[in-house]
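Read through the structures below before going on.
Both of the next two complexes hold chain A, though its partner changes from chain B to chain C.
Then we have the complex of A and B:
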C-alpha cells in the first residue's frame, strides 16, 4: 500500500484515487483531475444555524480567516466554528486550531455552509483536549450538490480527556469527513458519532481512525444513515488498539437504510488489535425500511410519504439523542426534521 | 467429560508437530527455477494436449507482468521464484495399476499420517464407517486415487487433474480457469503456469456422490513449491462433500504452497468443501514453515445452487486465503465457516468474499479467530451486493480471541450494498479468554492448558459442527495442539 501524502489542493499529485485504500469509496481523483483555481473573497452573510446558542465565533470565508483562526478554551465556553464557502468552480483551504485547556469544557459548533456551485473546499481542524477537559463537537453541513468538500479533524486526547463528536452530513458531489483521534494518555473517553441523510446523487463519506495508544481508553461510535435516489453513503471506521493499551473498551456500530432502488452504502468497520485485555466489538447492518411498519401506518391513515419520513426520523434520531448538550441537540433535531 | 479427557490425552501425547517427518523416497526433480522450458517440461511430463501448454505459457507471460501483492497484513521474506523446484515427483516404476504396486515407502507415509489408502481399511476397524475416497498428492504428483471403480459406477469422475486432462480434455477445457481466471492474482497466475497435479471431480446430473471425496496434500522434498489445482464440477441437482488435508515436513526453510481450487455448481447442485490445513507452521523462533498462498473460489452458476466452505486453519507460517462464492444463480447460497488459529510466529490473513449477483441469493459467514503467542491473525472479508440482486440476505459473524500479550487479532470487513432490498447484518467482537472461566475450569482440576483448550473448543464450536465427522474429531485435537505452549 502506498503511503498517502497529505491532501493539498494546490498539488494534484496529492489527490487520492480509489486505488488508495483509505479513499476506496471516495474517488477524489475522478472528480478532481487538476488543482482548482484559488477562490476569491467571500462575504459572511447569514449568522449560521447555531447563532442562537451564542458564544464566540471563528469564521473562515473561502478559506480566509475572518479574525482569529486559533482558539484556546478555558473554563466553560461555546465556540461557533464556521467554514463558509461561496465560490463557483474554485478551491480553498482553511485550517483552524482549537485547544481545550485542562479542565475546560468547550461546546464546539462547527458548520460547513456553502453557496455557489462546483467549488472545492478543504477544511482542516486540529483539536487538543487537555487533561480532564471536555469537548463536544457538533458538525452540520449544508453544501451544494455539485460541490466537493473534504474536512479533516485531528483530535488528541490527554489523560482523562473527554471528546464527543456528532457529524450530521447531507453530502455533496463528494463529501468526506475524516476524523483521526488519538487516545494519547490514560483514561480518555471518546464518542465519535455521525449520521447521513442523502438525496439525489449526493455522496457522503465518514471516515474515522481511532488510535488507542494508552490504557483504559473508551471509544463508542454510532453511525446511522439513510440514502435515497442514487445517493451513496460511506462509513469507514478503524479502531486500533496498540500494544499496552490494556483495558480498552471500544464499540462501533453502523446502521444504514437504502430507501431507493439505486442507492448505495459501503461500510468498512475495522478492528486492529494488539493488546489482549480489551473488549472490542463492531456491528454493521444495511437494510431498508420495514415494509410491515409502513403498511401498518398507511392502514391507519398516514400517507406513504409521511410514514416513510416518520420511520426515517425515528431511525436517525437515536444519534441526535446522544448529544449531551440540550440546546445544541434541539438545534440539530429541528435542522434534521426540516430536511426529512 | 469425554471431550475433556480427549483434550487431556491429546495434549499429553502429542508433540508440537507430529507430521514433521521427511521420507526418503527416490525422487526426480525438474531443474530449479522458472522459465518457459520448465513449463514445457511439466506439460510434457504430464502428456498434456497442446492447448494446455499454450494456456500455461500464456499464464506465465501474465505472471511475469504482475507484481506480488503486499496489501495483506502479513510480513514475510520474499520468495525467490528462481530458487525453487517446480516439479518433484517420486520416481515411478511403470505407473502403478493398483495399490499393491505403489512404493511401500509412500504407503508408509500415508499410514503414518493416518490417511486410509487401502480401500478395505477405511477408517481402520470401524464397522460400517462411511467410505472416503482419497486422492493422495505427494509433492507434484498424485500417487494414488482410491475407490475409482466404485465411484465410476455412480458416474462420478474422481481422478488426478493430470489424468483428467488426458481422459476428459474437453470437460477440463470447458471449465478450467472459468472461476479463477489465469490473471486473477499473482499466485493464481503462477499456479496456472506451473501446476503439476491436483484433483478433478465431476458429479453428473442428479447424482449424490456415494462417499466423501478427499485429497491429501503432502509436501516432502525440500526447496520445492507445491502448486496443485483442483477443479470440482457439480452438475445439475448433484451433491458432493469434499475434504482436503495437508501436512509438510519440518524444515528451517520456507516452502511455498500456491494452490487454486475452482468449484462450479450448476442448478440445484450442492458442494460442501472442508479443509483442515495443517502445514508446518515453523519453529518456536518463527524459522521455516509453509507460505500458504491459495486462491479458492466457487461459482454458484445455477439457480438454487449451494456451496459451503468450511476451513480449519492451524498450520502454515503465513496464510493468505479467501475461499469465496460468486452467487450468480437465483436463490443460490454460499456459506463460509472458518476457524483460524495462530500461535508462535504464525501470521494468517484469511476470510471470504460473497459476491451477490443473483436474486434472492443468501450467504452466511461465521469466522472464529484465535491468536496466541506472537502471532497475528486477520479476518478480511467482502460482502458485495449487485444493483440487480434483489432480496439478498447476508449474515456475518466474526469473533476473535486473544491469548497472551504479544499477539494481534484484526477484523477488516468490506460491505458494499447497491440494492435497497438487501438485508445484511455483520457483527464482530474481539476479547481475551475470560479469567473467570479459566479460573472456574482450573478450580475443577484442569491444568491451565487443558482449561484453555476446553474454552477454545467451546469458542469455535459453531464451526466445528459444520465439519464432516471424520474431520471434526481431528480438528478438535488440532485446536488443542496448536495452542500448546501458549499459556504461562
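Then we have the complex of A and C:
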C-alpha cells in the first residue's frame, strides 16, 4: 500500500519492482525503467461502450480532464467515467473524485479506452459512498497489448453504504487494478467482483485491500479468470477485520482456468482478523478446461475453438450475472461474448 | 457404407485394437458384442477422434471418405454420431443452447442454412415429447446432475435432432429400466433408414430384443473374432464369451 500511494510517473524511483511484496507478481520496474515523457493532448473520438446507457460523462484524455473531474451524485444518477489514452510511447496520470451523497444511487460506468500504443497510464479515482447511498461501479478495460496501465480506486463507505464493483479486465503488457476499500462506519455492504480474460502475453492484476474498521460490515468478492497463450492473471485479495469490527461477514473467492500450456495464474488471498464473532471464508481454485467436455462438444459438431469459447463463457458469466443493473449487465455480457 | 480395415489403436502406448476389420453397409444395423475391456468403447472413440486414442495402423472410411484424417467436429458434420457410454456433463451450458449450437455448426460446415430459434424450439419440443422427456430439463446445463437414464435419453434426443447418418451407440441400454429402454429403442428404430448405418455396441443381448440387428460381431482380443446373424447374440447370452477369449483361442 505504501509503495503504491507514492507511485508517481514523473519519478522512476517510485516504480515498484517485484521486491515490493504487493507487487511481487507485477514487476512494474521491469517494464518501466525510466519515467516516460509526458503525453500530449488527445481527441476524445467515439462515444465509448456505455454510451447507450446515457447519463453524465466525466472524461480524461491522456490524463487531462475534458471538462469537470469531480462529480457529486445526490439522486438517482448514471455517470460514464472515461479514461482515454491515445498516446504513443508517453505517460500520463489522471485523478477523478466521485461522491454519492446520503441516499444517492449512482451507476458508475468506468472505461479504460486505449487507442494509442506503448503508453503508460496511471488513473486514480476516489469514491465516497455516504450513509445509505449506493454505488454500482462497472469497469471495462480495452487496452493495447503493449500498454502499461495502473488504475487505483480508493473507496470509502459510510454507515449503511452499499457498493457493488465489477472489473472486467482484458489485460495489457502490464495492467493493474487496485481497489482499497474501507468500511468506515457500521453496516456497510460491499461487493468487489472481477473477471479477466487474457490472451497473448497479456498481464492483468486485480489487487484489493478491504479494511473493516466498523462492526456489521459485509464484503463479498468473486473473481474469475481465464488465461490463454502465455498470458498471466494475478489476484491478490486482502481482507482486514480490525479490532472492534465485530459481526463482520466477509467472503472471498477466486477461480481461474488456465487454457494453455504456458498460461499462468498467481493468487494470494489473505484474511487477517482481529475482531470477534466474525464470519470469514475464502476459497481459491485454479484448473484447466475439461478435455473430455471439449471432446464431447466436438463430437457433436462444435469446432474446437467454439467449444473452448462456450466453456469459457459458461465459466466467466457467473461474475457478469451478479451485476445488479440490467442495462449494464447486458452491455458487459455482449462485450465479453465478442471477445471470447 | 462404413468400412473399417485392419484398425490398430493404442491407448497410453498400450495396443487395444489389433487389426479390427468390419463393414457396415448403408441401411444396416450391426451389433458389436464383447466382454468388458475388449475395446468396444475404444472403437467408438477412435472412429470419432478422441484425443489419446492413437490409430497406429489401418483405415476407416464413411461413404468412401477417410474418417481418421479429419477433426472430430468434421467427422460429426460428415454424419458420425457417437452416443457415449458415459455422457459428459457440460456445466453452464443449457442443453437446448448446446444442441442448437452443435446443429448450426454442422449445418455451417456442410454449407447449409442455419436453423432459426423458433423452428428449432418446435423440433426440440416434438423430439422431447416422443422421448417422454420433461421439457424443463432442456433448460438445465447439459447432463449436469442428470441420472444415468436421463443422460442416455439426452443422447438419443441429440441424435434425433442432429440427424446423423452413421450412428454408434455405446452401451445405450446401461442405466435404463425396461420402460425407458423401450422408449429409447423406439427413438433409435425411428432413425433406421436406407442411407443410415448403425453400430450398436453392447455387453448384453437384452438391447438387441428391441433394436434388431442385421449382423452380430464378437469383439475380443482387439479384433472381430466371430460374425453371424441375430442368433449369435442369443448364443453369447447362453454360453458367455469364454470361448472367444484369447486364452481359449
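Things to note:
Quick note on the criterion: the second predicted complex is superposed on the first by the 335 of 340 C-alpha atoms of A that agree within 3 Å, B and C clash if a C-alpha of one lies under 4 Å from a C-alpha of the other, contacts with A are read in each partner's own complex, and residues count from 1 in each chain.
Here is the rule we go by: contacts are C-beta pairs under 8 Å (C-beta built on N, C-alpha and C of every residue); 3 or more make two chains touch, one makes a residue touch a chain.
A quick note: this is a predicted structure, and the numbers were derived from the prediction, not measured.
After superposition on chain A, the partners chain B and chain C are seen to fit next to each other with no clash.
In the superposition on chain A, A:293 contacts chain C only, with no contact to chain B. Once the two complexes are laid on top of each other via chain A, the angle at chain A between chain B and chain C, using C-alpha centres, comes to 80°, given in steps of 10.
Which of chain B and chain C touches more residues of chain A is settled by the count: it is B. Contacts of A:275 after superposition on the shared chain: chain B is touched, whereas chain C is not.
Once the two complexes are overlaid on the shared chain, A:284 sits against chain B while remaining clear of chain C.
Using the contact criterion defined above for the overlaid structures, shared-chain residue A:301 touches chain C, although it does not reach chain B. Contacts of A:263 after superposition on the shared chain: chain B is touched, whereas chain C is not. By the touch criterion defined above, A:317 reaches chain C but does not reach chain B.
When both complexes are overlaid on chain A, the residue A:21 reaches chain B alone and has no touch with chain C. Taken over all C-alpha pairs, chain B and chain C come no nearer than 15 Å in the superposed arrangement. Common to the chain B and chain C interfaces on chain A is no residue.
If you check the complex, the residues on chain A that touch chain C are 290-293, 295-304, 306, 310-311, 313-315, 317-318. Residue ranges of chain A in contact with chain B, taken from their complex: 1, 21, 243, 256, 258-288. In the complex of the two chains, the chain C residues touching chain A come out as 48-51, 71-73, 75-77, 81-82, 84, 87-93, 98-99, 101-103, 105-106, 109, 141, 158, 162. Within the complex, the chain B residues that touch chain A are 70-71, 387, 400, 402-432.
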